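Across the two complexes that follow, subunit A remains constant while its partner is subunit B and subsequently subunit C.
Right after this comes the complex of A and B.
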């Protein structure tokens, strides 16, 4: 009975945490959209001309084309009226139409979100395979050759901007070895290089977090006790090590999401990957305000959702958090 | 203790199961990707096969409407226009086989090719062509350049009635914004929902904004019995915004043709075992657009001094790696009818530039910059990144102007800042690359750029009555066309409302598995229908 009560309390606290996250998500949506609105309006340059350039290409941008765009999109409306209009649409879950392509923003984002999610999930998965594994091994022998060489490698990888790392990977795997497609999105294996670019950057840090956590576990009294009571290193690691190492590594993922989202924007452009980051860059160039608001909104919500998932996972792993 | 041990493996198991479930999502993506499809063009994009020609360029499909990305569908031989042009800029038949003008030059008649079919099998009727053209007239494009009063059909003819003579009218019907799509391409609101053209290739899959696949349209030859069917059966267009990535795609053999390469990429590809480079001069000139109404720039001596201060061959050699591209006049040699061999070339002479500035009242100050009546000679130069060489050229000009005593502040922004600055009057100098081949007969472009009121991309607060009259004559029917073209070129060279800097050479990387590749100087076509596999 006690266990049942305990589980009910845990579920109740989970729901209350999810409720808080939902409220957070709503606030993020409102804030991100409103900030984007003002930031795009404050950018230099005439919006009608920018949108005309995005639509028709620069050879065809003329004052007449810009006037037609201004008239069509009602860009000369007062600022606050346009903002109120967006708020009201957001309330009805309508993100409006892209000013460049004329397609519903929600439809464009739905198309772009799938490739971005695939890329992000694969990158996270790969980084999880590479980073913590190396970190655990390095942490078992602090100061050993593996520890020192992975430290050097992780500093190098983290210091390399993702666009440079991406180009290096293309040179090695596509140009030299001919093993993987250099860019594009539907040749077999074309997701591997962009995912690996992101994953290596993520693993560079998570391996060090895992290594430090392992060092701290290795020097803890409970780990020494586990070994003293006769467990082998593998048994001690499995029952007392990995779970304790996992908490800081997974918590750190929350911080790494910023790197992931920032990396997605760059990596998608380098690899011509048709995701939401690529769309955001083009929307900013073309001053496509509804698309900027929509994509930033989705990226913000992704951040909240992933962080909530991490909280849930951490509380599953670490019983202390549940109390 | 027991409870804990019982619960722990379950949670660990759950976590491991979740992780194992998550990973295949990414790995499985290779064959599952069918995203990005427009609802009405929704076909899964299949993995590219070895008999597919892949073309990469920086241009994105910003929509299906001919006024937006129509030029890409024309270049990939999917959609056609009434008329086409050859390399010399001469008109040739496309959907229309004949074109005649009435004696008063106010009515043009275009006779359509018989037996043409759209890709959906429906016949190309005069009514459907008229519908496409009327649609084009109502949207941003080139048809507004002529005073078109009416368009109608008469039997198998399209009849265009003008309010004012306009000799270059047939050239407007070569522009991609006037491409003819089948009635089934449009929805009830006349928006394009799918691309059904008449060209030698038809679309099989499209994924906005990046990619589309085409295959040979075998019925194309039915209306053109003398024509040989293209050898290439399948092709793909892929938009790749970064020039480094396009270069790597060619180097890795993933792309067969790559367009819009910058000088470092061209150097990388020069010794590539995968690709060869082909190039051609295009009718495009990079020039400085000056606000001739600006209190510093309204004196022709100052404009001449700026021109004399610019070292064109140095810019061409150091930045474009092609010394021949230094402009000696506005019109490049590729514009055979307009380039004037006899015109004294633009030159570099900083000493003379300083003298001219001195004569105009600009005296060098202690900081090396010139002053007149207490005003420092400072100007803002706007440019943009759509063409990667422009910011570099702007930086070179900034330094060369400093050497003759003019402080230039370079602002790198968006292409539209130049027409917007023209409209608001705030533009001082703008660096742009003007495409005189946008319409194969440049008169229409020049009329816009150097007409009485100036224009977004051309002169600003400058006009010359003789030049305007010459352009007006050229736009009607001109018996003295040769003299009038010379007058236009000479006046622009003397008055310098825009200062030519460099001409443009298009360099394209072509895979060695192809043969027969050539460059269209008017950038209307990738000529995939003329290509063949080398092995």
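Right after this comes the complex of A and C.
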């Protein structure tokens, strides 16, 4: 009876957290959409002529064609009603056509989303292999050589922006050793360097979070008792350590998501990885507002969705959050 | 088992405190060096960073030109000093114009409550739901290569943190018995702010400023590096890095210089962290 009651409350609290995330997603769309609307209004030149040129080619632009475009898109209407129209298009997921390629933005993004997701997931996976593992070992012997050397390494890595870290890895692995391809996505293994760049940046922080959590687990009464009752260190870690270390590491991942999303934009651009971040930067080069809006929107939504996933995982591994 | 129990004994606190003091000290020294270079460098060097002598391109360091000449025969030291000044002044400007309104709005929201607070909180949530660099990128798209979109973007992305932290803390403080007593005694708003709110808020604001400063320097150089921030020939750290990258094997010191300045600035800020945030 009690348990059922607790579970219901747990689900209710999880749902209210997810509801907040949903609201956040709507706010992201509103913010990105509004910024992009004003961006189109502020672009130099007559917009109707430019869009007509984008549609029919520069040789075919006549003032009649421009007027047709102006009327169709409501460019001659007052600002507020045009803005409301823009929002309603966004609400119906009508992202428009790319002004550079002429393709629907939503198709372009669908193609770019897969590489970006691949890169982010691999980076997160690698960072979990590197960071918490090192943190756990360092936390077992606070002040030991591993603790001190990884602290130094973590401080140095945190002072190195992701684009410089990427450059450094290219110099080491591609130019000096010739082991991995430096850029592109055709060769096998070209995902390794961008993923490693992001993973090292994430691990620099998560290793310290795991280390501090491990130190507090190590000095806790329940861990001492587990060792006293005769469990080996491995058993005690497995049954009493890992889960307690995992909670702060996963929660902190929420903070690190900012680094991941910002890193995806920079690292994809530097490594020419054909994902959303790369597309966003190139859309800015080309002043392709529909593409800017679409890619920024997807990156913002990815941020919100990853955050909700972390909410769910945290409430799964930490029963205290459920009550 | 015994060995590992021994090694896990807490470190002597004096040793830990000493290492922390020396750590913060190193951070302060690094940042002071960079700040001195930024403030006095352009004035002491007194060479136009845009002056080209194409015959002297990629010249090696000498006594007259300690960092040599870049790919267009411009004085590298002068360019570096101007770039450092640009980055630091942008960061100071961005952080201040985020911290002051953010703090004031935060206190005001907690003080007034009601729909003003709800609207402001919704606005803050919207900004917070977008990673900061994305917001700066979106604004940079308004006018590529110009200073103001970067500045507006950085301030817009940063003010939210101050608002949130200050609002949450002010709520608790304003409801506290000591503030109530002061109010009953008839002290005015300014006194309440100075005596009760600021002493608690300032350390947190300084922590946020440290993070914000690093974020601003980073955002500007990252955007310059990928080509959507300031444009050449502006001496800016990220722009210089991408310009000098093709010459890294002939003249590694050239690209090394802006990288080192950026690295030392960020390292100084990381080292400045207090114990409770040193994780």
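The rule is simple: the second predicted complex is superposed on the first by the 254 of 323 C-alpha atoms of A that agree within 3 Å, B and C clash if a C-alpha of one lies under 4 Å from a C-alpha of the other, contacts with A are read in each partner's own complex, and residues count from 1 in each chain.
The rule we apply is simple: contacts are C-beta pairs under 8 Å (C-beta built on N, C-alpha and C of every residue); 3 or more make two chains touch, one makes a residue touch a chain.
As the structure is a computational prediction, the values presented were derived from the model and not from experiment.
Colleague: So, A:35: does it touch subunit B (first), subunit C (second), both, or neither?
Modeller: second
Colleague: Taking the superposition as given, does A:276 touch the first partner, subunit B, the second, subunit C, both, or neither?
Modeller: The answer is neither, since A:276 touches no partner chain.
Colleague: Looking at the overlay, what does A:253 touch: subunit B (first), subunit C (second), both, or neither?
Modeller: neither
Colleague: After superposition on the shared chain, which partner residues are touched by A:66: those of subunit B (first), subunit C (second), both, or neither?
Modeller: first
Colleague: Touching A:217, do we find subunit B (first), subunit C (second), both, or neither?
Modeller: A:217 contacts neither subunit B nor subunit C.
Colleague: Tell me the contact category for A:292 with respect to subunit B and subunit C: first, second, both or neither.
Modeller: second
Colleague: Does subunit B (first) or subunit C (second) touch A:105, or do both, or does neither?
Modeller: A:105 sits against neither subunit B nor subunit C.
Colleague: Could you tell me if A:208 is touching subunit B, subunit C, both of them or neither one (first, second, both, neither)?
Modeller: second
Colleague: Taking the two structures together, which residues of subunit A meet both subunit B and subunit C?
Modeller: In subunit A, positions 167, 171, 269-270, 285 sit in both the subunit B and subunit C interfaces.
Colleague: Which residues of subunit A touch subunit B in the complex?
Modeller: Subunit A residues touching subunit B: 3, 44-46, 49-50, 52-66, 68, 100-103, 107, 111-112, 114-115, 118-119, 121-126, 128, 167, 170-171, 174-175, 178, 181-191, 195, 243, 269-272, 274, 282, 285-286, 313, 316-317, 319.
Colleague: Over in the complex, which subunit C residues touch subunit A? Could you list them?
Modeller: Interface residues on subunit C, with respect to subunit A: 1, 4, 7-8, 10-11, 122, 125-127, 129-134, 137-144, 218, 221-222, 225-228, 238, 241, 245, 248, 259, 262-263, 266-267, 269-271, 279.
Colleague: Which subunit B residues qualify as touching subunit A in the complex?
Modeller: It is residues 3-4, 8, 11-12, 14-15, 19, 22-23, 25-27, 29-31, 33, 35-39, 45-48, 59-60, 62-63, 65, 67-68, 71, 140-141, 144, 177, 191, 207-211, 238-242, 244-245, 248-249, 251-254, 384, 386, 413-417, 419-420, 422-424, 435, 438, 448, 455-457 of subunit B that touch subunit A.
Colleague: Please name which positions on subunit A make contact with subunit C in the complex.
Modeller: Touch list, subunit A to subunit C: 23-25, 27-28, 30-32, 35-36, 38-39, 42, 140-144, 155-156, 158-164, 167, 171, 205, 208-209, 212, 218-219, 227, 233, 257-258, 261-262, 265-266, 269-270, 280-281, 283-285, 287, 289, 292, 296, 299-300, 303-304.
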